[in-house]
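Structures follow.
Paired with chain B in one complex and with chain C in the other, chain A is shared by the two complexes that follow.
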Partner chain A sequence: MRKMKKAGLGQNTFKSKLFYTLLVLLPSLQFLFFYVFVNLNSFALAFKIFPTGIAKEFEWGWDNFTYWFTNQVRNTEMKLAIGNSLKSYAISMCTGLPLGLFFSYYMFKRMPGAKLFRILLFMPSILSAAVLATIYKNVTGLVLGGANGLLSKWTGEVINFWDAEHRYTSMMVFCVFASFGTSVLMYTNKMDAIAPEIIESAHLDGANGVKEFWYIVLPQIFSIMQVFLISGFAGIFTNQYNFMMLFGYEQPDVQPLGFLLWRGVARAGGNTTQMGPYAALGLIITFIIVPLTFLLRWTLGKIGWKEE
Partner chain B sequence: MKKNFFKKALALALCALTATSTVACGGGGNEGGGIGGEKIDANKTQLNVFHYFAGFGDEWLIELKKNFEEKYANVSFEEGKMGVQVHHRGEMRDFTPTQVKTEQFDVYFMESPSDFLNIMAEGSVEPLDSIMETPNPDDNNQTIVEKMTAQQIGFYKFKDGHYYGIPHYAGNYGLIYNRDLFEEKGFFLAAEEDEDGNILITPENPTKSVGPDGKAGTEDDGLPRTYDEFFALCEEIDARGVDPVCFPGMYTQQHLMLLMDNLVANHEGGEQIAIGYTFSGTAENLVVFNEDGTVKKNADGTPVTESLEITEANAYELARQEGRYYGMQFLVKLLSNKAYYNEADGENDQISHTVNQQNFLENGKLGLRQSAMLADGTWWQIEADDVFNYMAEEDKKWAKENRKFGWLPLPQATEEEAAKIASGEKKSTFCDYLNAVSCIKSGLSDGVKKAALEFLKYTYTDEALANFTYTTGTTVGVEYLDAVDRSRLNYYETSLVNYLEASDIAYHVPGSDRYARNIKSLMPAAMYGSGIFTTLERAVWDAGVTADEYFIGHQAFYKGCAW
Partner chain C sequence: MQENEKLLANSAPETEEKLTTICPGCCTAMRVSDKKYAYYCPVCRKLFALKKYRNLREVAPADLAEEETIASVEVCETPAETPMEMPVVAPVAMPEAASVATPAAASVATPVVTPAATVTPKKKKRKTPQHDKFSPLTVSMLVILSVYVAILLFLLLWAVMQIFKHPMDFNKNPIWFPTTKNGQKGFTFVNFNALLAFSETTWMGSNSGRINVGFFEIIVNSLSYALGGSLMNAAVTCLVAYLAARYNYFYSKILYGIVIVVMVIPIVGAQASEVEILTAIGLWNTRYGFLVLKAGFVGMYFLVFYETFKGIPMTYSEAAMIDGASDWCIMTKICLPLVTNVFLTITLITFIQFWNDYQMALLYMPSYPTLAYFLFKVQESSTKIAVPGVKYKIGMDRPPIKMMATTVLMTPILILFIALHERLMGNLSIGGIKG
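The block that comes next holds the complex of A and B.
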């Protein structure tokens, strides 16, 4: 309390008001400019049409929205990308989530090699995504599948992990692996915070490992799971699944919607007259995903575990 | 106490670290130096020049700066100052209209600007009228406009009647052949097959075919005139232990799609290609489809064609251009047979263009399997300069000036078209996809503006343009090539300059509103796709797509670009 007085914090003085104002000024300006202004601009861009390609000579209309529905090729590309995004989210949830929980529980129980696994699984978060993707491509391409690759030597044929048949699987394996770092760290930290007495009393009541996991651990970490489920769902159509790192501009057949949006804007190269359809597509998916995200949040709140 | 001290020391160290990195972010560490690091001479007018720093390097600009500074050493543009000091900085970047206005550069040499139309519309650049239409006594009273084509004038003379940009360096992808290797191994087509059916020259049958120009005794003798001759030559080259064509796996799409651009242009000719930018005119050779969607063919296997009046509304019909059909046939055939290309470089996505160039140059010296032709840009020599230099250090025979490479005149799809080229009825056509442009920032002070205008005026004199060619071995996209002294060029440079001088040049600049508003989708590297699922090489390698299938898929793809 004395320290607070000395620092002048917590007092309703001019100095403290000035301090707080200055403290929040920069982040507020940053928010206003980089979020509010940028998004307002992109909202407007979705309705702007540039008949001559000149930014000053624009009209208002719905062309950027109909762009995705009036041409078969563009429509197919959009639908394919949406399908890829939904499929990728489902795979991430069905494999990444349970595996992340399993590895976390394994470490929480201090099983053999737990510390080593923690380092290995956290590695993707330490390394830059570009470096990790390059290592992964080389390992899968040359070390495992290439002409002298391990699997090729074993099976007697060259395996191309990045051809049309395998590239989506290869991409998803990478994404799931790369996602472990953050999720495992969060889960294990939350598990470590569970009071040992609760676990001990469960054991005294005869609970085995599975029951302990289901009835004690899962309810305690459900709030973290909720964060991953909801944030992952909200970003379902903007997640690029490391596509650029793995494929560059190519292989659009497995591109998720997030990459389609990014590619379109990147290709515009700062020319705003070329961005309208992507702004409109962004708005379309926002209208779809926002209510669904709130619905998911409400549902998880209703049916999910409660910590108490 | 000790712990407290350690904490404070750590905090201090972190602050110092942050401060250091912040200082580093400040940049411009040259005390009293210009944007390129050269010390500023305050007695001279200062001119800051930006140039796109990629394949063309910066030697041409260093030479231009030196000559301009010397020529204008005794000219005053600002009160109390005499002469001009040019500073330059090269980066591989693009500019928005606002950036052009606000950044520190006075003169820009941009490459493929994303938004030059808006740079002009927003008033970010200075009108250049005073130097465009005024005869220049230092350049035989020529004007800059006289050196430009109608298509270029149509774009750079904006709708307000002012000129805002001047085309600068030009280039596209094609095939470069190793003439030394061709001569050593006899990779030239013979005028007549010998008794054993050999189509290449032999010591017993040394007479070369007349080549694309139809004249005996010229440099293109023995080179293929048609696609069929080209692939027959490739088979012979492969049979002699050499890979016919190489390209980099990292940038296959870029190299092959732009090679396609030139193949298409070379078949269609400048006028027909221009319709793809103006969306106005009569398209002469549009391939006809059967009711089942397949390509309708004549008895000899060539596609049936028709002509059609093109407008903005139906310009997607240009996807049916016969040149596209044949260009796709050429590339699909090339990729469908591993005997035609260097698989090790072309199918490895870790092989960049510079590594590919290095292999092309080095393999003969190292005794490795060589490639006879390189699919690359006109500027490839500059990018490969280091390799030439280090090889020359070992033996002068590997120096650039002592080796012979040639720009391969692209073959024609049919005998009929080849005959037209040989008779002079048709010219070869080359597309410049770079759209490099020079311009001056608006809002400069009077003195600096005058200096900048003089700088550009000097840049486009025949003397300065020829110097550009001597330095880079390439060309600027305006007419001046008759002023280039061929004796100052090496074999490759001469072959390129001669080819370009004899060709029609098509430029990828918008000539219609629809093109302008879809400019990014209609760029040559993007618009030759087929379906949305794959690139040409992947379509062939992964799915075994045929040329007809690719062409059929291209119809919907091209329509999807802008309609």
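The block that comes next holds the complex of A and C.
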């Protein structure tokens, strides 16, 4: 009989080892090349300067980093983008998170229409952001707002949801509107795992809906909230907030940093010589966001509720 | 069957600790060993498998009588008066019984299961008292949710109402279905024809790419991008997770560690480097380049597969190994069939993600535009285009044309969602799939 270890196959036979090696080889190489090497190359690209504009002729230096601080136009663009990203994250957390929690609680309580609401809330998550954004922009821009819009006719004033004054608000309303699906689903699935006995004993002790939500439900789902808070924070500077479908390549005053980086790479169209500054900016942001993410994780672990 | 019972009875060691549990088949209370993987219920005459401690719960003596009464009245015609001492057996001890029990065993033992395949005890239904149902909190939520749903449905319905409307009629009738009254042109397919004309005459590619791409080719691109990407990603992830979970090598621990570290550390702006490397090796702006890029295993779905494979008792593989099965045979004939549901769900989720994604297609394969990318081009275009059968040129910025493009993009996904929403939503939990 072949030798077996207690946990796992883990046989020391040559055949098993060969089988394992053959299967794991290609995915490992793929990871090494497209993750490790790509990120090392990204690091190198940030320091590459192309004075002649030819990809093979380059020098090493800090120009790609200083570019964002010495070039006045770029510096302003970067600061605006960072500000927009931070503001958008704060808005998403302050509105999207509590609303998502309340919606989930509503479904957890099996209130009227809970099943239907659950399905419809999830729908924006499976539809392309491109689809919803296009519809939303046309409805708000042409049907409700704009010179011939219904609201403009009713109020007698021309209401434009996409002018300089309102476009950021319109963008964030859409982002919050389309953001509930996955989070509500996760929260409700977690809430469903709460033992009914706990809820019943709280009722016997005289807890009302608000107390039940605050003292029982929230602590029980805090681990999920933590995941959303941390992953949202880690993605602050990569999230694009559907910018491209709402504005195309225009309106730099409201663009988030994620879009600024993406646009730079997309516009380069495979031309390496133009990508250095974006690799450098990505590197700067990574060095800022990684320790902050770990700090947030540690803080939430310290101050948050514990599931008991 | 009686022989089986005797065998089962004989194989249960007396010294093992017993827990009280409820049979998932007939809800009979019984005592089972916490050391074994399967047990036999004499009431419903079925074998059930369980992972250690999973699906076992201790019942307090005071609660036991109530549980038994509920179970015997609702589910089983044969009421169980007292908790029974049940024999317990590991599948290895009785290969024949184990093979019978495998399908049920898989669904109970694995942490990821579809609702239809699950054999778990009936959950105690939560009853919300009436006074608690309509608290100020829930009533205000009802109002907000109703408004939310009304807006969402209005947006989708409005889009559908525009697709058969003539672009020139939109100014007169921006909301409702097209009509033939007051000189309006009624239902028409001119918007779809405009999309076809646009796809054949508009620059789509990259700096070095082709100029015109037909609508049919765009659909083929979308399908190959979404189907190829999702299958490749799910297959590689599943394979690596299998190796990491089932083989107790040091490298398996490294694989697991890699996934955790990569998920925790956010790296910003590596796209420039990715494009540079793909260009250097000749995979940028090709169909296959994207597939190679997506053939990675890092991501939260690795953890889902990993937990699933960990949940399958090792005794299955060991029994097969004793019978002379090879590693390949164990993987393809025993373990992979048990995770089919998980595989399908993850493939479906990633398919939807890829189908809807326009940015990656634009970045990595700009000469092979997908439907989502095409919609973006339609959205940002304002050029006037000649449409067959129409005397004058039509501006692509007309909402009915844009809505036709959105409808073409969202229809397959809506059909998938309507058909499979139970699978998509029922299995989703943290980490992507309910564990």
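Just so it is clear, the second predicted complex is superposed on the first by the 274 of 308 C-alpha atoms of A that agree within 3 Å, B and C clash if a C-alpha of one lies under 4 Å from a C-alpha of the other, contacts with A are read in each partner's own complex, and residues count from 1 in each chain.
As a convention for this text, a residue touches a chain if its C-beta (ideal position, glycine included) is under 8 Å from a C-beta of that chain, and two chains touch if they have at least 3 such contacts.
Keep in mind the model is a prediction, meaning the values are calculated, not measured.
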{"item": "Partners on chain A (chain B, chain C) - clash or fit", "value": "clash"}
{"item": "First, second, both or neither for A:G96, with chain B first and chain C second", "value": "neither"}
{"item": "Touched partner set for A:G269, first chain B, second chain C, both or neither", "value": "both"}
{"item": "Which superposed partner A:V210 touches (first chain B, second chain C, both, neither)", "value": "second"}
{"item": "Touching partner for A:K56 - first (chain B), second (chain C), both, neither", "value": "first"}
{"item": "Superposed model, chain A: greater residue contact from chain B or chain C", "value": "C"}
{"item": "Partner chain in contact with A:Y35 - chain B first, chain C second, else both or neither", "value": "second"}
{"item": "Touched partner set for A:G145, first chain B, second chain C, both or neither", "value": "neither"}
{"item": "First (chain B), second (chain C), both or neither touched by A:P252", "value": "first"}
{"item": "Which of chain B and chain C A:L23 touches, first, second, both or neither", "value": "second"}
{"item": "Among 55-63, 91-99 or 433-441 on chain B, the segment whose C-alpha atoms clash with chain C after superposition", "value": "91-99"}
{"item": "Doubly contacted chain A residues - partners chain C and chain B", "value": "249, 268-272"}
{"item": "Touching residues (chain side chain B, partner chain A) in the complex", "value": "94-97, 114-115, 117-118, 121-122, 253, 510, 513, 515-520, 526, 531-535, 538, 542-543, 556-557, 559-560, 563"}
{"item": "Touch list for chain C against partner chain A, complex", "value": "124-126, 128-129, 132-133, 135-138, 141-142, 144-146, 148-149, 151-156, 158-159, 171, 174-175, 206-208, 236, 239-240, 243, 246-249, 251-252, 255, 258, 262, 264-277, 279, 284-285, 292-293, 295-298, 314, 317-318, 321-322, 326-328, 330, 352, 355-359, 362-363, 366, 372, 375-376, 379-380, 399, 402-403, 405-406, 409-410, 413-414, 416-417, 421, 424-425, 428-430, 434"}
{"item": "Of all residues in chain A, those that touch chain B in their complex", "value": "50-57, 71-74, 76-77, 80, 163-164, 249-253, 267-274"}
{"item": "Complex interface listing, chain A residues touching chain C", "value": "1-2, 4-5, 7-10, 15-16, 19-20, 23-24, 26-28, 30-31, 33-35, 37-39, 41-42, 45, 99, 102-103, 105-106, 109-113, 116-124, 126-132, 134-136, 138-139, 142-143, 148, 150, 177, 182, 185-186, 189-190, 196, 199, 203, 208-210, 212-213, 223-224, 227, 234-235, 237-238, 240, 244-245, 248-249, 261-262, 264-266, 268-272, 275-276, 278-279, 281-283, 285-286, 289-290, 293-294"}
